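Handing you a structure now.
Labels A, B, C and D are assigned to the chains in the order they are written; within every chain, residues are numbered from 1.
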């Protein structure tokens, strides 16, 4: 029992040195990675997209090459849950997985077999080890409850398709902890979730850690790191470029990559001059209602009497949890959909009441940048054709190149299909297309939610910069308060189809009046 | 979609627009290079086979200068040899020459049947996808009923109405394929019509007919090229099945199905009579199928 | 017996013959829709009914009429009254005696429109009345003399059935007719098989029977196997003992086969007409004898027959089958001579050619529409037509071969006024009937008159009064020599008028394995299994 | 419960519609075909029946009525399930079909089972292949699938007969009963092209499911490859293949027309060919009707099966129907 012990004399659950993983044709994806994790602690692995975080996480359970070419794994030292696994065969890995190591995969929404009940999925690792039925269901229910799911019995009988994203994430965690592993590896467990839900999941992980499980958290969300991690390893290009305690790495990042990561986190208000009161109204919505009938009968009140005004040069943020009606509002504002009641006026003239034929000549005044920009491009068109068509439709004299410069995209995008662009580039292209019309109002639905922090930061910067230059009014929809705060001057908080609070961003920040706003602000991860 | 596929589709679209600006020669070369890259080895072999068949169909004399119908009973049943690479048939006709000259009719048969199927499928599918609800309901039922009639059953019915021959067989196979195409088209057109990019175009102020021409039509039809390619191969095989039942091609036309069927009776004594047309049918159909598959994999979803 | 005309007689290299057992017969002919050959009347019915029904008289290989159910017959001077003496103590398998009344019931059944008989109906058309004289004597009163009467009565389509059986009504009788034959129908599973059981009390031996008493075989399983390659494979694998309509390849393979495989081959050409191409002289261009001759002279048939049939079929130059003793042939008329054909066409005014090399007259192309019945022409025959198509193309004929199913084929032939379209210049139509009187059916101008269904038998549309007179005369005269002379004259007219291109006998081959003693009747050349015995392999 | 009832009603409505359209189409098609149906009754085409008997038959079968009346009569019979008597065979159509149905069902059934078995074997082999050599073999297998899917029945069957019956003598060349021995060759002939299609679909599905996140998750729980295959991936891969069963059934029946002729097997396919050739209107209507309704039944069973395998579909009235990507001929 020498060497395996840490300075404090506790055997590490995970002890890796010189881990190198390569793929045929790709080369080394991980190089010389050293990791060490003790029970009851949480190690966060952070890094930009493609840094190798997921490969690292999978290597820890012997599944580095999962879903692609078989990987070549080499390590000087590789101990997992007290067992030396250098050169372990499939059988030995299988004994570790599920029992000693619990794993939460990155794609939480698809990580439960949609054809099997949640109970069967959660109990699978027990079943594989021959645990009998009554005992198994007992432990499954226990794990589900432990993971913070209400009505465990009901959940166990449901299938993943019937659960919300947050519930699925919790069920997945339940399946990872059901056999009480010593190590829990969680790959981006909060990416797909909105702030309130994400906070719940992080709290759950924190609880598990406090109960003695070693947690390896893979994430690009530094807020989550700050909340949970004891130690941080920053990964870049497959190497650990910096590691240390969380406070140290987040507070005084040494390596440029770490510094860039920390800097990219939106913090504080943007430097925005106030919008003059007398600026003309470009968009006014009053009493909007929208009700959706649900397939099983019943209905949902997506909008329940919403009103707002947007003035020239203003940036209005709309914030709210998932399902609060933000996207519905956006669609009604741009008249992609009719409201059941209420009306929208555009630049002081009727808009929502017109027929589509009469709306068409004024369409160029409003533009929507949808939540999923890729879907909004004809897959057969390249960047050039997309922009040229947009320019022609609005009779603009600008050139596509000018539009690209506006959103800081290289001219080569003209010849590329949107599919081959990165997420951030696509988002910019969508914004460029919207700008072709020089619209009076630009409505952006979750423009950065799918992007990693660094990319997100640069898009937000572009938006702020844009508004300064063109004076276009913005309606920016997001569930991320920090994003709103950075770009907008006014914010409207939505909750269950209603606007529960509206006002200047800083004022709402300082003195939230609605209880829901307060809850939302509290769920915010602490800034690193 | 995998990174590789992303790049493939990028190549294709990029190639298309770049071509407008660049010189035609450069454009063609680039396009060809990108096509090669996206088809892969299997796809290239298939494309080669298809090209060969098309060449045989258009200029049979180039590949086989002889007369496919010239009889020479004295030379009947010659096994493959220097004089006749694929041997000769019961009437002493050169099997190789006949196979080459049969390409035109066989391919024509496949293409015609597919064209009929696609045409009708287009009508039914677009009608159902874009028309009012009642029309969708009605056409969907029509598609369902057509589906309930297996192709050979349909063919038998048609042949009994129109008599045997290539025409009715082609029509039958075309009709039998129509519901399949219609269903694909309907689903495809619906998803395109309700796609975010059509909505986006409408929000930019594009009128409905314009959006149809610009987005719906091309995006619905493109995947159909792949499906159609695949359909040609199968149509050839089904028409040949009709030949077997005595309902197919007219003699002495060297249609492959008819040749295969005639040679089948001599399978033990003169194997080469079936091998040549059999290879031709399977190679052409398999190559078309493979190519269709590659094309649909390359096609944007 | 008919079997003697075959090249083998079923004993080649066989093992020990055994008593009993089940013989499996696989036919490529269509499955009958009714097992009673009186109804309709086609070859498949004759084939099957030979096993359970017997005709009044038989016929040997030389074409001589032989006694069977009727032991003796006499015709009156004016040819209008026939007296037949029936064999004694013969009963149908249901116990009904075969007597004069039974014969009367059969003839009346044939003549009853409800029976919907076509072949049998024509055969007994001239019998005006049947008079039962006593139990074993029956008298036929004819409307006009009929020298072909006995030949007609020898055919399976007029075979005798139990009157009690007929009484049961068509549906039941079709399923299991009751006759006097060596077997009885015990089960018919449509599309699958007919099971024939041995008639233990069999006494009415026909000319082919070589022993007294019941057949050796216990039962016959009669199966329908339309695909010739499958039939041959089934014979090779020992699943069946007898197959009909084999492809020439199979026959050659059977005859030259390895020593272990004891196949034998039975060649029994059908009587009546020969397989021939008939040229429609009723309309242009074949209304011109020169064009007909040109067609026939340019067709080079012999090498094709040689290659395609591999010696199995021999070229014919006669309108009648080689099984008909009165057949007359004239090879000189059919020498291939493309140069002469060109000359003839030039003379006939077809002296221009179009871009594709076809002859043209008055802007019309020299087109010969040739509908081919896929049910009646085997692959080799269709290939032969293709060769003729290629031959005649050399001199400028455009032959359009159209394969058609039977209905469509009849439709193409039928006259326009009967809903058909007369859409043929050339056609090959088999016609099986015993005796030279088939010439009257095929070439008498009355044969251009369509039956109510639109069908007519005179497909070359010969309308020659002199020929009509000769044929009518021949049908009346019972003297064999005079009759033969008249038929020769008639055949000469048909041949010299270039109405037909004779090809070969109607092919009727059988391959057997593991069975001995299979012979065919001298009438319509259907096989009989009265002498057959399975052999121990 | 209400959902079940609605589903059942939907299926019944579909069946009724199919029956009506098929009866109508076949009736007019055959009447347009020319050839007098009374000929079919009087001993087939080319019959030399007399004027008298033709007239009698016309009256008996109402063939002298106007076409519309005849159609309505036929429809009335069809609706009341009186398929009538066959013109040519003079037997009740129902009886004729009843005799042939089991044979064809046995053939198509075994064909489907074999096709599934082949497809399953190919697909599982493909996903379990490891190493470059095995990968190459899988590549060949893919080519084989394509070739199999375009294999003409009549040719494949002839080769099988020549080899296994004529040459080796292991199996009978003909097929008359429903014993396995006699069904094997025709069923294999029938199964190969369908297996080619199903194999492609299953392999695609299996490959996708096998690399899906839920499969990886199962592995992280310690599941072996075999467990992942049988407990997770196969169910997913089976779904598109089940959805294809309606198409496969049609394809098998089409193939049966050829295969039954080739092997001299009694069955619906041969019955149909003969009836069509004979212009036997009631029989053709009967057979086509049975085939079309059989399709509706198979579709319904596939529908149910899909719901069993995929609980997500249970709420829906109708499951998605598919033909394999572009495999549009059946």
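One rule holds for everything that comes next: a contact is a pair of C-beta atoms (placed from the backbone, for glycine too) under 8 Å apart; a residue touches a chain by one contact, two chains touch by 3 or more.
Which chain is which protein? Per UniProt: A = ABC transporter ATP-binding protein; B, D = ABC transporter permease.
As the structure is a prediction and not an experimental result, all values here were calculated from the model.
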Contact-richer chain pair [A-D vs B-D]: B-D
Most distant chain from subunit C, judged by the mean position of its C-alpha atoms: A
Whole-Å separation of chain centres (CA-atom averages), subunit A against subunit D (ABC transporter permease): 49
Separation of mean Cα positions, subunit D (ABC transporter permease) and subunit B (ABC transporter permease) [Å, integer]: 23
Intercentroid distance (Cα basis), subunit B (ABC transporter permease) paired with subunit A, Å: 46
Distance between chain centroids, defined by C-alpha means - subunit A, subunit C (Å): 87
Residue numbers of subunit B (ABC transporter permease) (touch at least two other chains): 159-160, 264, 267-268
Subunit C residues counted as touching two or more neighbouring chains: 229, 375, 405, 407-408
Every chain pair in contact, whichever chains are involved: A-B, A-D, B-C, B-D, C-D
Residues of subunit B (ABC transporter permease) touching subunit A in the complex: 1, 6-7, 9-10, 13-14, 16-18, 195-197, 199-207, 214-215, 218-219, 222, 300-301
Residue numbers on subunit A that touch subunit B (ABC transporter permease), as the complex places them: 334-336, 360-361, 363-364, 366-368, 370, 372, 375-382, 384-385, 390, 393-394, 415-417, 419-420, 437
Subunit B (ABC transporter permease) contact footprint on subunit C (complex, rising order): 228-229, 247, 249, 252-253, 303-304, 306-308, 372, 374-375, 379-380, 382-383, 385-387, 389-391, 393, 400-405, 407-408
Subunit C contact footprint on subunit D (ABC transporter permease) (complex, rising order): 33-36, 39, 41-54, 56-57, 88-91, 96, 99-100, 158, 161-162, 165-166, 169, 172-174, 176, 261-264, 266-267, 270-271, 274, 276-279
Subunit B (ABC transporter permease) residues within the subunit C interface of the complex: 69-71, 73-74, 76-77, 89-92, 159-160, 163-165, 246-247, 250-252, 262, 264-270
